[in-house]
Every structure is written in C-alpha cells, then in structure tokens.
Amino acid sequence: MSNSFGKIFQVTSFGESHGPSIGVVIDGCPAGLKIDIDAIAQDLDRRKPGQGAHTTPRNETDAFEILSGIHNGLTTGAPLCLVIWNEDVDSSEYDKRRFTPRPGHADYTAHIKYGGFEDYRGGGRFSARITAGFVMAGAVAKQLLQTIGVAIAARIVEIGGVTDPDKMNLRIEEALKEGDTVGGVIEGSALGLPVGLGEPVFDNLDGELAKALFALPAVKGVEFGSGFDAARLMGSQNNDAFTFENEKIISKTNNAGGILGGLSSGMPLIARVSFKPIASISKSQETIDLKTGKQITLETKGRFDPCPIPRALPLVEAMMAIVLCDFSLRAQKISLVI
Amino acid sequence: MSNSFGKIFQVTSFGESHGPSIGVVIDGCPAGLKIDIDAIAQDLDRRKPGQGAHTTPRNETDAFEILSGIHNGLTTGAPLCLVIWNEDVDSSEYDKRRFTPRPGHADYTAHIKYGGFEDYRGGGRFSARITAGFVMAGAVAKQLLQTIGVAIAARIVEIGGVTDPDKMNLRIEEALKEGDTVGGVIEGSALGLPVGLGEPVFDNLDGELAKALFALPAVKGVEFGSGFDAARLMGSQNNDAFTFENEKIISKTNNAGGILGGLSSGMPLIARVSFKPIASISKSQETIDLKTGKQITLETKGRFDPCPIPRALPLVEAMMAIVLCDFSLRAQKISLVI
Amino acid sequence: MSNSFGKIFQVTSFGESHGPSIGVVIDGCPAGLKIDIDAIAQDLDRRKPGQGAHTTPRNETDAFEILSGIHNGLTTGAPLCLVIWNEDVDSSEYDKRRFTPRPGHADYTAHIKYGGFEDYRGGGRFSARITAGFVMAGAVAKQLLQTIGVAIAARIVEIGGVTDPDKMNLRIEEALKEGDTVGGVIEGSALGLPVGLGEPVFDNLDGELAKALFALPAVKGVEFGSGFDAARLMGSQNNDAFTFENEKIISKTNNAGGILGGLSSGMPLIARVSFKPIASISKSQETIDLKTGKQITLETKGRFDPCPIPRALPLVEAMMAIVLCDFSLRAQKISLVI
Amino acid sequence: MSNSFGKIFQVTSFGESHGPSIGVVIDGCPAGLKIDIDAIAQDLDRRKPGQGAHTTPRNETDAFEILSGIHNGLTTGAPLCLVIWNEDVDSSEYDKRRFTPRPGHADYTAHIKYGGFEDYRGGGRFSARITAGFVMAGAVAKQLLQTIGVAIAARIVEIGGVTDPDKMNLRIEEALKEGDTVGGVIEGSALGLPVGLGEPVFDNLDGELAKALFALPAVKGVEFGSGFDAARLMGSQNNDAFTFENEKIISKTNNAGGILGGLSSGMPLIARVSFKPIASISKSQETIDLKTGKQITLETKGRFDPCPIPRALPLVEAMMAIVLCDFSLRAQKISLVI
C-alpha cells in the first residue's frame, strides 16, 4: 500500500471501516494557520450518510479529534493528526461472506493482493469510509488556500443520466425502489488560482488532480474543460482566444478548463469526475466462492445508499484542495509562515 | 519542473524542441534484460511526423543513442540514458512571436511561470517533441513487461467525432483543407496483467495511469472501463459478475476496465484517452501582445499536422507500460534480476 | 517539516512533547505479520526515562494504542497507526522562558523557522519524546526482519570518554553531581543480512542509515566499520580480504562494517553513532532574550537526565531496523505477503 | 538502483566508467540563472586525476557538453543534462579478473546484487569516475547558492594520520613507494546560510548532508561540529552560548557545526568526512575466485592513485551544495525565478 499523497503538503491516510479509527496525518502545512474546527466538522457533515431522504444504515457521527500539530488554535509547522473513532459495528455479516467477493467491490483484488490477510470487514481499507480522512485533510487545505484567495466548490451535473437538478431525486428514488443504485458526474471548480501551478512535465496540474480524484472510490473518469468533447471539436473551436479584461489576461472561452500545458492559466479550473453507481445493491448477483471454487448467487440484505453523489461533493473538493495546496507551496505561492 | 516519474522504475525526461537533444534516463530497470534496439526504433518511427498523408514540415529522423546502462546488449542494473539529437532548426519564427502567446498552447502559462526565461522556441519543454523520450522509455518498459507476459496495445476509437475507421482519414483531410485540426480518442489496453497491481489508497493503478497519460500534450480526459458512461448505468448493469473460465476467475463483463479498488483485476485493462485537436492551426486567431498589452490577430503560416492521433498510439502505450512496470516491480511481480 | 521516512516501508511521525499524543504511521508493512505487542512495549520500556539510577522527573508510562492496520493480531497490508497519549504536564515553565532559547537545543532555530508559531512546550516537535514513535515503528520493523533471519542489537561503547563498562556509571554520577551531562557512543549491529541491500548511487545502505540515525536528537556523527580510523590506515590494512568459511564467502576482517559500494556485504553491519551530552543542564548558561535583544543568564531548575545513552539503545536499533526493512522490501528480500 | 537525489532540486546520475559517457540531469533549478561554464570546468579540473605529483594512469580530459536546459546562457526552468564522453579505454584487464572480486571494492556485492549482469569494467557504476557527474551538478548548485550569498569550501584536515599540511605530500609519497594507499579527512564548510534550512524530523540538514556525502565512494564516516568528540565533552562544554554580534544572533562557540535540531543555525556549517584509503593497491591481496570457489592471490599491475583526498575536495563541496540548494528551495530562501 501507499498511503501518502503530495510532495510538500503531504497527506497520509490510515484506518479501516470496522477498525478502531479512521485518520489522517497532514504534513507540510505552514505554521500560523488558524484552524477553523467548525469548517472541518461541516465538511464531515456534508460527507455523512443520510444527506437526503436516502440514508445508509450506519449512523456515523464522525466527531473528530486532533492529536497533534495545533497550539492555541494555530498550526505550528508540525504534522497534524486527525482521528475519527469508529463506533462498534457488527462485522458478523462480513465474516460469513468473506470468501464470496462482491461484484464491483475490491473484495476479490484485495484478497489476492494481501493473501487473505486484508481486513475484509466492511470493505476494510477499501471502504468509502476512509474518505472521511480525506475530507478532514481537504478542509484544512481549503483553509490554507483561502489565505491566497483560492476558493473551491463542487456541484452535481448529472445523476444516473439525469442532468435536470429537479429530476435527480426522482432518479435516485427509482433506483432505491428497484434495490439498485445510480452513479453520476460531479464538477469541481477552483477560482482565484494564480497562473503557473503545476510542475511539468510529469507533475502536471491535471495529472496530479486526476491521480487524487481516482483515489476516491467509484471514480471511473476524469476530464478537464472540454474533456472528452474536445476530441470532437476543431482546433479553431477548442482553442481559447486570449484577451484582456480589466487589464488582466483572460481567455474568451475556457475549453482548457483553466489548464494549459499542465499549468494553471488563471481561468477557473474545471474538473469533471464520473462516479459509477455504488456496487452494493439489493438485487441478487452472481459471484464465486473462493473456497469451494463454485459459482454462487449473492443475496445482500439491508438497506443501501442508492446514490453516493451528494455525499461525494466534499470529497471532490477535498482532493482538489490537497493538490492545489501542494502545488501552491511548490510554486512558492503560499509562504511557509502565514 | 518535476521531470521524474515512477517510484522504482523511474523515468526522468530532459530536452527541448529546439535545444541540442531530447532524452530520457530510465532508472530501476532490473539487470539482465536484453534490449531490443529495433523495437525502440520502431516505436520512434510510429511516433514520427508524417505517419499518413498528412505530414508536419519537420523531418525528424529520430536516430537515438544509448549513453549508459547497457553492456553486451543487456541491462546492467544501472540507469539507461537514451538521447535523440535535434537537428538544426530555424527558430527565427519563434523569436518574432515570442510575446504573442498562441491560443491553446503553453506559451502564456510557461511565460508567467518561468519569468520569461523559458525556452520558447518550438514550444521548448512543452513541445510534443519531448514525447520521443517517453516513447523510448516506454519501449524499454514494454520489453520488460513481456518477460512476465504482459502485452500493451493502443488503437484509435474516434477522430474528430468519427468512429468509423474508414472515414477517419476523410475527417482529417477535411480539417487540413480548412487549415484546421481535429482531435480524437485512443483506447489503450493491457493484457496478461497479474491480479493486484496498484498501491492503494493513493497510488492506485487508475490514478497513476491517469497521471502518466495527462503528461501527454493535448490530453483532456482519461477514463477506464465504462468510464463516463458508468455515471449513466445502474449498479446492476455496471457491476461485473465473477465467474470461472478454465478454472481461472474472470468477470463476465468488464465495465471495471480491469481495475477494482485501484488494483488490477486480471481482466484486460482498458483506458480511453481524449486528445484535443492540436492547437497550431492556419486560421487566424485572437491573442494578446504581452509587451504592448494590446489585442492582436495571430496569423501562423506553414503547414501543420491536422491530427496527432495516429502518432499518439505509441505514446499511450509508452505511458501505460511505464506505469505497469513500476507497479509490477513494486508488487514483486517482476524479479529484480531477470 | 518532512515527517515521513522510507520509500516502500514508510514511517510517518507525528506528535509533540506537551500535545495530546506522540504517534507513528507505518505504511508498506506486508500483510500477515504477527505483531508481538509485548516486544513493542519492551522497547518502549527500554527507552523510558529512569533506566538506571538516574531518572528524569517525568514519569512516562508510554502505554500505546494501535489505531489501525491490525486484524486478529496480524498486519493486513494497511497502514498501522500507533499512538501514545501524553499525560497532562505542566508547561508553565516553558511559557516563561519562551523567548530565551536554551543553548544546544532547537529553541532558537525552530523559533526562526516557524515564525514563533512552533509548539515550544517541552521542546515541542524537537523533544526527544517523539522518538517513542520511532521506537514503536522500529519494534515492528525488527519483527519483520526476523522473518528473514536478520537480528539487530545496539551496545554502549563509550560514555563521556569512558570505554570501560564498569566505570560508565561513575562517569554519569560525576556529571549528575556537577549539574552537568555527558554524551557517548553507541554501536549498532545487524546480523544475518543478505548481500546487496542498498540502492546506489544515492540510496546507499550507509547513506540511508546515516540519514535515519541523524534523525535522533543529539547525534553528531555516524561511522561504519573502521569509520574515521579508516582515514589513518593504509589500503593494505583497511582492505578486507575475501575468503570462504563453510562454503560461504566472508571477509577475514570487517573494516568495511558490512558495507561495500553502498551495499550490504553479508558481513555484520557495524554502525557507530556519536551522541552529544544532553543540552539541558543545571549549570547557569548564557543566552539571549529574543524580545528584549539582551544577553541574559539562564538558570534552569529541576532534575535532568545526566546521560541519554542507555535509553538511546532502542532508538539506534529502531532506525537501523526501519532502514533495513525498507531496503529488504526494495530488494525483494522480504516477500510482500509473509 | 536509485540514482536521483533531492526533492525539489533533484539530481539524477547516469553513466559508467567504461561506457560511452558519464552524466547528470539537474531538475528543479529555477529559471534565469546565468550558468558559468568555466566554473563547471574548473571544478571538473580540480577533480581530475593527476592533481599533484601522483597521477593515475587514465588521462581524463573531462570536456563536458550541455544537452538541455539552457537558452542564451541562462537556465530556463527545464532540466539540465550535462554529459562527459568517456574516451576509449582498454577493458581487457577487467574481463580477465571478472570473477575475482577486488578487496575493498564493490565488485563482490555488485556481482551478487545484479546477478553478474553488472558492468564490471573499471568498476562500472561503482567507479569514482561517476563523481564527475556529481561535480557538474555541484558546480551548478554552488552558482545557485551564490545568488543568496552562500559560499561553500572544502579543505584537507588529515591525510593518512598526518594533520600538518606540509607533511601530507610526504605521507602520500611513502604510500606510493610501498604500492599502498592512504585515506584522509576533508572538512567542508558553508558560510552565509540563512537560519532554518532543513526539514525535521526526518529530512534534517545533517541527515541529508550525511546521506549525500556517503554517496561518495570511500566515505566511512561523517560528523558535524564537535562530532565524535562531542561524546567526550560535558554538556556545559559542548553547548554553544548565544550572544549578539552587530545586532545579529550568533553563538560564542560552534560545537553544533551550524546545525541545531536538524536546522541551520546561521553559524558556519562544518562537516567532516572520513575517506578510507583507495582499495586499489599494487600489493598482492587475498581474494576468491567466484567461478572455481577457490582462494587466490590477486596481483594488480599498473600505477594507482595513492591518495584520493586532494581530488575529493570538489566532491565534498558538490554534495553539500546539492543538499543546500534543495533545502533553500524547500524553505523558499531561493525564489523560483532568480
């Protein structure tokens, strides 16, 4: 495993779904940043199951504790460790189906890679629950970015093929009734970026953002600006003409999504992320039994989250913020003592 | 800049479009690999301008030289350095338009980031020419992967909105006539992968591949398996049921694109990459003059490559191979002496 | 700050002397390792103040908690997080002398680097207390190395200039009476190493060990084998002749300290580490007041540890074990599932 | 192998003793630095064999070529690649004794690690010749450091036990007559450092310098300030009292060698490096034959360098400069465009 991300602003994730805790170490945060505890709690709340009418069975309170790195409410330059204690959960269901990997989950690949020693309970290290740690790191990163006037926001652009916000809930309810799930597309944007974030030719802004976003469970695609549509446009359509606006250089269009040559252009950064539908469904599914070597039908009981998209908004923001903090520090756009 | 990629199999890129050379250092290649020089040359040939009827003016011969790391035709465990000498080119055109950034290119962002010291000639470090170095590294990586039975191939799935291979050339010719360009989509696949390549939660197979692919100029989107379509499918549709085939575990469908939980599943790895149309067009474009602060119209003469997609096939393969080598070594699937 | 060490077996440290906790994340430990909790506790005990007759005032119990990465007593492949909770301590003394940096401590350099935001209480992040985290990581690393037959041990070779073990305690008592402190030299050794650990030319075994050992507070020098004496020997004296012993290749002498060309030779690895005397002394010392800009005399009350050397034995072992684990994994000498 | 060093200012080494070239890629050098070609050549000259009366047989001219990263004599922000072409050398001697590892050299460990595929000619990748690449990188680093007023110098403090400079040459001549070699100690110092370089707790200034210095062949020990003597001093003797000098904070003594808590203190940085005598001697030595499994006596003809110390001065400076550049960039003490 490799659970650290970032070169200067470095985030290290730990914890499992049914272990004692979920946590994160944030290293490289400059000293002197006032930490807004409420803002962290708010982002955790946005990530919590049960955002809309469609709840998951687990009632996550997600109260977090800061184990290090803060003195008098300010960062000290030392690593922050933030932890959420997992409440006692019943893992017996997972013990039973331990050798029958769920389709669409990491059960099978993790089992092979870790030789059966993986913590399989609740998906273990592959559970979406670990993103609570990402959210805490992202909330700190967002606060650090605010000091240089950078704001990050995510919005839902599509759920289960529906792009009209009014009809998205209906789509989710439909899926819920069928014991099924739907995915969607989230668009993350960052405003106020300085020109030149990114470190070509390999640590490009788009590449690093994509890598961070693929660390979110269920992500199957990432695009910037005109993205996959760019493949259908002519050069003359896709190129963004430069012009001046209030003596500032901007482009008339933003097909680049704010990234030129792997570097931020100063235009809004636009990333779109495709999430597959959650793999846990009530419908019966075919899988195999790793012990007996036989084909079986998997029946999973309980009530599942029919759509993760609303809860994933702070996740997309978190990953973008972590990457942008790292690049802002690398490009000396954030001073080390703030 | 950050010009190294990979943790164990590490590729370092150097060189500029109009400088003395383009090159690459490959570190971490196990000892004892027989290097097939012709295979490197072949991939360079596939990348060369002028693949079809549509040539770029520059006649790149791309003869390469191995500066280190080989003895008696075998790798020694030491870093390989491979270099292509740039032939003398006329940079006067670039001197003239140095302060008028071309839309869609990195001219503007590079100028700001590097304070005007960037090598602007021919796009300098941001030129697609530097991918010749990637191709050489990729060709070595492909040979290393062959030792464990992994094969990589890329194919064109779309050019300028056209998916019928017979009509793609027509689409390119149309663009050429208009002095315009078209992009496209390339699908890269890898067969024969062991289960479990990838190092979650941050160095996922999909994330690392995406990062590598975004290092290619003009890439605007990357997706795996059902990708952006996954957002429109139900869980029951998108989940890939497990089954046995000749006593081997496979999945009946491959919407996952061979990746589950950031790990290779043993199914074919399928990545699709969206390339925007090349930004250099003959049509006049609006831009600004950085010195005078005035809006200007840019007229670019010469003959341009109307579509980079055919030449980009070995690039996609190269980036995939580099990532897969690194993960194969990290997962001890390639032994250090081969 | 940069609080992660290691490429594959990666240790991330967090915590401060007077903050809530001291901890460590161990990433990259293979799955299936049975963790001996008692062995971790034992090494923490060896590190605890009050090893001999000479105690420090703080009574550290150092009970630790495992927050992640273990299931049924075995590692899962996921990161381990281990934490020691700091007990409530009185920081008032440190508040008072906050602007009068203690000679020999990091007070001054940390104050400048972190702009006064550093956690100054008890030395904060620069306190020797953070080595409790190193010791926990080292204890896990030692257990992992045992699976390939590698054993690590450290011994005191000198205290305050005294090399006769019988007289070392006297030397410490002398210092204690004078309100002064003494340093010493520890020799760490590793037996059972395979040939070829180390990754030249930059990640040499000796270089990486030295870097790890300099992470211990008070270390001022590191040498291997004949070390600084090598500078006084002739080549014919210092060269270790190769020979066979029971059909195994060994060297007749071991001036190399088990390292040739940055690689382990299979002979015992011998590292010697020089520790300066602890900077906290009862004697009055000259320093400055950063606020008033005046020279002052610092009088520090309380009872100090006159010599850290006995407690530093598990620290030297820990750093060696961490490095050797990382290289054993990199060289595929430890298999990923054990 | 792992041939890159540094996090932001990253040096990648390649090349072998008897291969086509020795080279280095310098990544992360800010744009706009005027490169003094003569200064690079001068440092290469200082490293060249035949500094005094005692020459090695190989006549190295060491003319170097810059393959990338410079435009109009200034750095561009892109990686610099510098290469020295190896002249044709006779490797037949090495072919003959390929399976009889020379005592004190890396022949044996490299043979085992790289499975016999290592380039054994002239020591291959383990030859001191590769330090020519380090010297080129160091020369660039020194020029970068000059822009912030940092100067680096190395001097010989001991040769073969002799500390009187007048008698050092005699000591070398003695060794030469006997067909033997002598080592020595070099002291490197850096002046003008800002306070706070270094990134605790693991990327300490001393630790990173030590790692870099151990990358030099023949180094067996590294110490800072009072170093190994610190183990023999009392705390009251070793602590450096703070005081003011011209309103600047200094310490009255410098036993710390300019490093407190892993951070530069603003006082002169003092590192001492112990070099063992060169392993190549004319005297006959015992070794083994890896093919026959028999003990043999090795007779090496030719004329060897009796003492590497004078040539190693620019090497010590180079490694120090590389580390200090990296930390100066990480601490934002060097601005990215200079």
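Descriptive notes on the structure:
Chains: A, B, C and D, in written order; residue numbering restarts at 1 for each.
The rule we apply is simple: contacts are C-beta pairs under 8 Å (C-beta built on N, C-alpha and C of every residue); 3 or more make two chains touch, one makes a residue touch a chain.
Since the model is a prediction, treat every value here as computed from it, not as a measurement.
Across the assembly, the mean Cα position most removed from that of subunit B is the one of C.
The pair with more inter-chain C-beta contacts, choosing from A-C and B-C, is A-C.
Averaging C-alpha coordinates per chain places the centre of subunit C 26 Å away from that of subunit D.
Put simply, the C-alpha centre of subunit B and that of subunit C have 44 angstrom between them.
Here the spacing of subunit A and subunit C, counted between their Cα centres, is 37 Å. For subunit D, the set of residues touching two or more other chains reads 1-4, 7, 13, 110, 113, 125, 331. Across the complex, subunit D meets subunit B through its residues 1-4, 10, 12-16, 19-23, 25, 27-28, 31-32, 65-71, 74-81, 83, 110, 113-115, 117-119, 121, 124-125, 337.
By the touch rule above, subunit C contacts subunit B in their complex via residues 7-8, 330-332, 335-336.
Here subunit B touches subunit A in the complex through residues 1-5, 7, 13, 101, 103-106, 108-110, 112-113, 125-126, 130, 158-161, 175, 178, 180-185, 195-196, 199-204, 206-208, 210-215, 217, 219-228, 230-244, 247, 249, 251-252, 255-257, 260-265, 274-281, 283, 285-288, 293, 295, 331, going by the rule given at the top.
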